Structures are given as C-alpha cells and as structure tokens.
C-alpha cells in the first residue's frame, strides 16, 4: 500500500481545492484510509510506503480528450517529416526504448512526453475503421498512458445508406457493431457528408445542402448519429469536427450545428478552428467570432468543447477532413498527403509553421484564448491543441500559464501583429484561471465528458493516476506544469523529479461495447464483400491485438 | 557492329520467375527463369543472332552468359527477369539514393564466339 | 603560428579484418575534431576526445598520432574515407585533410575553412550557413544540399571543388556559391531556391529540375528539361564581375574563355516559380 | 478417419496486393485444395513445406537454441551490424527486429530501399495523394499504369482492385479508361486502351512536361517529341488527365529504378497533386513483397523513419544512400549481417551481396535460398500465413491478420528475433 501524505489536493469533482489530505493507494486504485489496525499491520510487515508531499500540489493524472497519437494518419505524418525528427533525438535508456520527437513523435516518445507532463489518459481522435488493427498495434507500443480511439463514422457508406433509407435500427446496430469490431471507444464525426463530397470531387458548404450521391445534408447525418449515440448509451457524446472547419465565417455553421443538436449530447472538438467570423472588405478576411460561439456554448447545458489552441512554431496538421488539408496545401504550398479510405473516410496531412508575425495565425491564436476566457463554465471547455494540428501537446504548460496569468498574457500580446486588436478582443479580457479551473479543463472535465468515471478525480475508487506538482509560489507556472515532481500511473511511480523511471509499463486500451443485434454483420455482408477490397471476415480486430483492455460500460441514459 | 551498340538493361518480374522463385530458389527452374535476356527481334535479325543462342551481356560491373530470346521490344533496351544473373550486371553505385541502377544499366552484347556479321 | 597535426594510425579500431586482412572499415564519427573545441585543450586532453566508430566509443588517440600544439588550425593526414562529420557544425578555425574524407564533411558548417587534398563523400557542406570549403579532388552526391525532407539546403558560404561532383549538387540551395571545376552528376540544383552554381565541366541530365530562383552557369552544353524556356543569347556583364570576384576573393581559376563571351540564357523551372536561370557558354 | 478442414478468407502473402480470399482445404497437415489463388500463389502454397531450412552453424547442423545464441553473440560483438530484409516477415517480426537493431546498435534497412523506398523519399519532399485499393475500384474512371506490370507481379490485382473489378460507382471495364506507360509492351500494357511507349530513363521529362501542361503553361520543346512521345500525344494525355473525375495511377519499379530515381516519383507525385485542382486523382505504389509496406509502417512508429535507419548512437537516424543495404555492403562498412526473410544474394547487385560472404552473416528464413548458401548461421522459421500468424500491411497500408492452418516444428520470425534480442538485452 502507498500513502501520499500532506498533499494539497485539487480535485474539483470532489470539491477539493487545496485541501491538505492523504491519499491511499492499493492495487492500482485510490482507496479509503484503512483502519488503524490495518495501518499498524502494514507497518509491521513493512509494506506501507509513504511519500511526503508537504506543500505540493496534487491532481488526478491529466486526461486529453483529443489528440492524434497513433494510427495510419499519424504514422504517415511521421514518415512525411524526417526533418521534424532529426534534431530531437531520444536515446535508449535502461529499458526505455529510443525514438524521436518534435511535432509527430515516435510512439514510445509520445508515451514518454505525455507521462513526463503528468498526463495519464489520452484519446486518439480519429481512426479509420478499416485500419483499426494498425491503431491497436501502435497502442501496444505506446507506453504508460491509457488510451482509446474514436472511430470515424460521419461519412461511412453504411451510415449514409442507412440514414438515407431512414433505417434507424440498422444505423444503430451498424454503429455499435463498428465500435465492437474495431475496438473503438466512441464515435467521431468529421465534416459529415463533406468527406464523401471531396471524394466525389464536390464541395459542400454549411449543413443544410445536399451534395453527394447519397442525397443527404450534413444536418441529417448529424441528427441521426447524435440520436443513435444517445440511444446506444455510449459514455461519450458524438465527437464532432464541424463542417466548414478552418474557413472564414464558419461560426455560423458551428452555431447552426450546436443549435441543431441541442437535445443530444455533443462534444465539438478543436472549436477554435470553427469560430471565425469574416470581414468582406479586407485582405485578411478572418476575425474572431468568439462572442457568438461562446454565447451559444454558455446557453447549452449538455454541450462540451475542446479548444485546439494554436501554438506558434512547427505543427503538422492531420485530419480525416481531406478537403481541409487540400485547402491548407493550396494556401501554404507545403507538402501534402491525402488518403481516401474506401467506404469510410478520408484523411490529409500538411506541415505548418504558425508565425507570430502572421496576422491570421495571431487571430487563430486569439480565438482559442478568447474561447477559454469567454466560456463561463470550465466543465464545458477542455485544454487541447488538437495535437499536432494547432501545435504539439507539449505546449499545454505554456497554455496553462497564459490562462492563469493575465499579465503574462498581455505581455505576450504586445509582441503580436500591430493590427491584432482590430480583429480580436483578447486584450480586453482579464479573467484568470485558478488551479481548480485548470484541474477541470485538463483532467476532471475531459474525464467526465468521456464518461470515464474512474478518471480525472482522486476520490475513493478512482484509478491511481496522480500527478504531483511543485507549489506555484515563486515558480514559473509553465515550468511547474511541464515538469511534475512525481507522476503515478495505476499506482506505480513512473516519473520522479522530471525523469521517467527507466522501466517500461503498458497502459490500458479503453473500449466500449454497446449492445447490438449481430445480424447486422450478415445484413451488410453482400455489399461489403462487393465494394470493400477485403473480406468482412478479415475486417474486425482480433483479440490478439488487445494486450490490456478496460471496457467502459455503456450506461448513459438520456 | 554489335559490339559498338549499347542497350539499357531493364530488369523486372515475369510470372514464371515469380512462380519459380516460390518453388525453391535452389531449383533448376529458378535458375532457368532468371538467366535469359529478351532482345528485339529486329536486333536479333540484324545481327544474325539466333533464338536461344548463348550470348554474353556485359556492363561496367560484370558479365554474364545467357540465352537470348526474341521479343517485341524497342531496339534501345534488353530485358532480363530480375535475379542473381541480372544482378551481376547491376553496379552498386546508388548515386546517394540507396537504389542501384536496376532498370537503367548500360550493357553491351557480345557473341560467345565471334562470327561474321 | 602553431598547428595541431593528427596522423591516422595504420592500425586503428575501425578496421574490419578477416584472417588479418583488412576487408572493410567501420565508419567513424569525427565531429568532435572541432577547432573551437580543440584549441582550448592540452595535448593529452585532445587525445581523450571521444570518437564513435560504429556503436563503440573510442578516444582520438586510438586513431591518431598527435603532434604539434593545440590550435584552431588542424592538419589531418591519412585516408579518412570512413570518417564522417569532420568539420560538421564547425564555427571557426581551419581543418586541412591530406587524404580522402567521408560523408557529411563540414555539413551544417557555420564558419571557418575546410580543405581536403583528396576526395570527399556525400553531403559535403549540406545545410551549411557559412564558411569556405575547398576540395582538391572529387566530391560525392548532395554537395550543399538539404537533408532528407528539409526545406533549405546550403544557406550562405562557399564550396569550391577542383574535381568532379556527384548527383544532387545544390539540392534546395538557398544562398551561397558552389564552384565545380570538373563535371557534375544528375539533377544539379534540383529544387534550388536561390544562390549560384558554376560548373566549368559538363553537367548530366535534369539540370535545375524544380528550381524556383537561382543561377546556374555552365561552360558546356546541357540537355534542357522541357520545363525551361530559351530567352536570349547575350554577353552577361555581371558574369565578368562574378568571375573576377571568384578569382579575387577565393583564388578560383576561372577558365579564360569564360570571360566576355556569349551565353545562352534559359529560365525555369516553369512548373515552379520559373525565376531560375541557366546560362550556357556558347562556343562560337 | 480423415480430418479435412476448410479455411476461408486466408491471406496470400506473396505480393503487396495481399488477396484475402484464398480458400484452402487441409488434410493431415497437407494442403489438398486451393481456390482463388493466382499462378504464383498456387506454387507458393504447394511448395510451402518443401525445401525447409534447419539450424546450421558454419555449414554444420546444429540445434535451434545454439543458432539463436550464436546469432546474439555475432550481433553483440560486432561494431556496426546490418539487419536487412523484413519485407516478407510479419509486422510482429519487424517490430522485434527494430528493437533488436536498437539493442545491437545496428543499421536496419528493408528491401524497400531497392523497391519503393524512393517513392517514400519523394513523399518526404512533396507528399502524396493516395487512396485504398477499394476506393480506386469503386470510383476511378481513368487508370494509369506507369512502369508497373501487375499482370506478372500482382496477378490478381486487375481482377480484385483495378482494370476488371466491380466497383460501387464504376461497375466494370467499360466504365474505365486505361493507359499504360512503359518501355516495353508488357502483358499489362496489352490490357490497356492506350499504350504509351517511353524512351528508357526519360519518365522524368515526360512527367514534367505533363505538369507544365496541367498548370496551363506552354510546352516549348525544341524537338517534336519528349521521351519518345509526340508533343501532340502528350497534349492529348494531359487533356485526359484533366478530365478524369477520379483518376488513379499505379506506379512500379519503372519509376523508382530508372533515371532520376526518387525524383521520378517526385515528379509523378507533383503531377498527381496538381491534378487535384481539376478532379480527384490518386496514386498507388505497386508494392512487391507481401509486407514491405508493413516494414515501413512498423519502423516509422518505432523510430520515426521508414527504412535506412542507424542506431549506432542509441537513437534512430535516417539516411538512404548511407544506411541503405546496398551502400553499406558496397562500401564495406558493416562487420556482420542479419538477413531476415529475404534473399539479397539473389536480389541485390552482385558486388554488394558478395560482401556478405566476407562477414559473419545470419539468415532467418523458412526456406533455403541463395543467401543461405553464404550464411554462417541459419535459423529456420515458421511460414507466415501458413504455419505462423501475424500482421501484414497491404500496398495501401490496410492491415490484415494472418491465420495459420498448418503445423510447423519451428517458432516464427517474431519469436526468433525476440529471443536473440533478449539474449543481448540480458547479457
């Protein structure tokens, strides 16, 4: 048994903000304080380990609700960018495997750097079902952290077919089957309808026009998926990457989407990219539209979002939204990868370098910041950089500093483009996050939104994923959050004094198993065999790919 | 003169080479299917080479003795199934790319025994 | 002025032997033989400098006899064709090699001087940002190039090769000058962004493929890509100035027939910006 | 009593097309019947249990544990070993090989470097627009084969994925136009609507000329042909490319092994990229070996790089031309070699492969081949997809799980490599 004593606990779910208490850990879980007799017994047997955390800040391990860390698209990004790795080398150390870092690190290094930052659970944001085995193969080489993946389901042939046939039962069965056979955690919806349109060589705007051979509008797809997701009881909402993402004036589409889905659970991801206004008489065209978007979020009780905060410097954009990456390529002239995945989805990759001297990049940066500050309830907004799209996840400590310290933020703004204030109102925002709010946006909130009841808090029964930070007094906030004093994963110390313990440890793969009628596989068999290029019998992920699995129950009730 | 004429050696797969390679690399079949050269029928005729005649192919990396086969080919190229024999002609210079000149090696044809053109 | 002289031992740990016969050589990574580092050490400390050969770590004295005194000026004798990264990231001083030298010589060089009395391997002066390199023999591929996937090759500095050079010379070059007295291989100045390359010998195919800007000057006919335009045949004054500068500032022997003569000017690559130029000396 | 067992949806691992519809009937650990196989695949299955290797050290028969121990000793004691091959083993074997390379400070390279590696290098310059094979089957109205001859290298490709396949939007051959670009009229070229014969080594020039036209610029050639193709014909081709709704190009070694090598593929990738300003257009490398795509994939997630990786500094470094097998062997820079599921003595330039004879060489392979002839240590192995399970990646990076349906006396590649690694790690 392990006792962490005298810690200053920040555990918003259990209403603790700087409360000095002890934490007891046994068998990977946080447990109640044992009886005095038990403690005496443990001491006598010398199996009670105590660590004194006097004056240290203690939070649950960080939870990232949206990050690109494994699978075909991420790996293609690695291959694409040898120049991204060359100067960031991680040698083998003890049992820790070697690798490379920078914006698309190798899988081991991804695990190390999340762990070193005190993050213990990360959700891979977009997996093509047909290549799910690849994701699980990489998961098995992604050490320390618990992870799961969101399966792409907004442009799949059978999804579009069943919706267009009004066959809602089949849709639900298909989605549940898809999650089951791919070992996914929840549903991801990327530019619904728009990815199919891209494959058909068409462009779609907004959510109301019908544009593809399936004769469906994005709104019809979104509504059906949100409803199916709620009825299946999947612990996480549908995870939506909006239509028109990245384009000036897209806040209208975003707000229409939010209003359309107001009766269902929705998580809108990297909403920074979806909150732009448009100025017509201007070369820049972009302007923040955070007032409008934040107002809608503040109005809706079920809705959650993550930001996708922009970070200046190198990034590698990657998404299932193929047309978006095509546009980024046209805009930047940078190298461009596109992969259309049959019957399911697309994807694209473009390296980017966000520059502080670039006014549009500044506006994007401000859009993220403003949303953080204008969304009133921290339980609705989560910290992400849509790694590695808007920047690498290793920038989280810096973003935390920007949120907690308005002086630092204003200093930083003073280095922006001279016209910055004409397009943003960040300079007028004085709000500062406190430690409890930081704990919400970086662990408790995302865990709750994902439906992970054992994550993101330090109550009895929680997973013993715990991060210990030095006190902020006289310390740089970013430094403190970048280098936790200790990190515990499943009750075992994995980081000490900013260094990884040199033993590899595997985390769990998080999955859900919603109920469905297995007949669905037979119902789709004929078309599958014809129009996929592999057999339906070779499609599913077999058990040999699963090393350490936790099935999260589907007990959401609407 | 045949000895003054250069060809680009194209190595590649053939279905028989594929079948032979999975039927045991040590078998005669594999050797047979990788040890011939296809040459334009016009060239054969022009230089009085016989179908199945043994000739010597030579590059700056080595030489091999192979049977020749007439084929519908441009007179700029000769074709060999890829394998050990063809690889005696392919040099190791990759020009810094890691890839040798497996389809761009310059070769010459020599008669086994000199006979009048 | 004092100099430091290193002479490669006949027997050294990089040799691959079979029945006492040398059959090959394991690469040695020599970036630590760096003037800025060595000048402040004493001779015995210099002997303790780490050199990696394959996966094994050795000391400089395992490979070299050390003579002279600590200095920014280093002379190395011996066949160093398996020595890589000599002069890499070098910032000051000079290195002279009497013998051949391996890959990545003076790659990412910032300043200083490297001279090789012999041949050098690939990636000479790759991504260098300053300094002067003189090769009295031949050079390999990727002279002054960008590393894999990178956007910028050589960005300032001078590379002067008396002999021939391989493929991909000046690949993605951004700034600076490369002068090749001999011939050069394929894809000279491919994807060049800017800068100048002079080839007094001949160039193999695909000169300037994908170049955006920059100038290629050659004294022999070139097989032009279909993506270049012929503009004009003229007497470019600026070339005489450039040649004088090469001679005066770098001591480069420009062939006399190159001066004050007619050149054909092509521009391209038209699939890119199309602002690159290729000047070809006209033998009229 | 006979014990006949039928296995369906078996994946053939011969080529990068990885047909996963093979049906096998097995009786008493013997294959009795095969369905859906191509001519090569049939031979492969029929020969699977023949010509099997046995443990050998220096030409003497040995036992399994001894060859594993000897292999570990060789790799541990060498200063700069090479691990090479990998394209015909499983992803599990490849992963373990990368770990072994790290543990032994080795160079690790796959047959990709002499195959489609140049395409990957081109991708690192310009990116690549691609799709899975089913997408091409379902949508492509214009298919180009460039320096690729699937009829002989991937015999079921045309039926399953391309020329003759039934797709969702494109139902059959008559709904697709096929153009073949090659230097000789291959059997694939004979199936095309148009055959464009190129002058050897001039692919780059033609691709660049097409790019120019696609970008709306004038083609001012001093000659009336480029790469042996008339300018008028090039203009017609450019128009066809521009008018495709969902064009596709399958490219083979004809691009990667000739002339400008990876810059050929760079030009092709740039052309395909540019064509996406008109309709959609995608490209696909016709990967040769069954899991050569997997070798790049597994190496990338572990090291960040697809092939040509060096571990002498205990972290991965990448450089084709330096850490690639042909260069390392030709320059005589390695002092030991471990060949995994490959036959460099047959497939690499002779002078490079010959160096394997000079240095301690270990071969891990289920069958005798030309490289086992010159090996010091031979480690037998189970046969992937027949007697061993594992993961393979198709040419379009679609993963497939292999099942085994015959029994074997030897452990598989993944286990052999992992056992060698353990001996080094725990030494």
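The letters A, B, C and D name the chains in turn, as written, and every chain counts its residues from 1.
Note that a residue touches a chain if its C-beta (ideal position, glycine included) is under 8 Å from a C-beta of that chain, and two chains touch if they have at least 3 such contacts.
None of the values given here were measured: they were computed from a predicted structure.
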item: Central chain (by mean CA position); value: D
item: Chain pair with the higher count of C-beta pairs in contact (B-C, C-D); value: C-D
item: Between chain D and chain A, distance of the C-alpha-averaged centres to the nearest whole Å; value: 34
item: Chain centre separation in whole Å, for chain D relative to chain B (CA means); value: 23
item: Contacts with two or more other chains, residues of chain A listed in rising order; value: 80-82, 86
item: Where chain D touches two or more other chains, by residue; value: 121, 124-125, 259, 311, 313-314, 318, 320-321
item: Of all residues in chain B, the ones touching two or more other chains; value: 95-97
item: Residues of chain B defined as touching chain C within the complex; value: 95-97
item: Residue ranges of chain C in contact with chain B within the complex; value: 122, 140-142, 166-168, 185-186
item: Complex contacts: residues of chain A adjacent to chain D; value: 70, 72, 75-76, 78-82, 85-86, 89-92, 97-100, 104-108, 130-131, 133-134, 137-138, 141, 157, 198-201, 213, 326, 329, 334-343, 349-350, 530-535, 537-538, 542, 544-545
item: List of chain A residues in touch with chain C within their complex; value: 80-84, 86
item: Chain C-touching residues of chain D, taken from the complex the two chains share; value: 78-80, 104-106, 121, 124-125, 204-205, 208-209, 211-212, 215, 217, 219-222, 226, 259-260, 263, 266-267, 270, 311-314, 318-322, 331-335, 355, 358-359
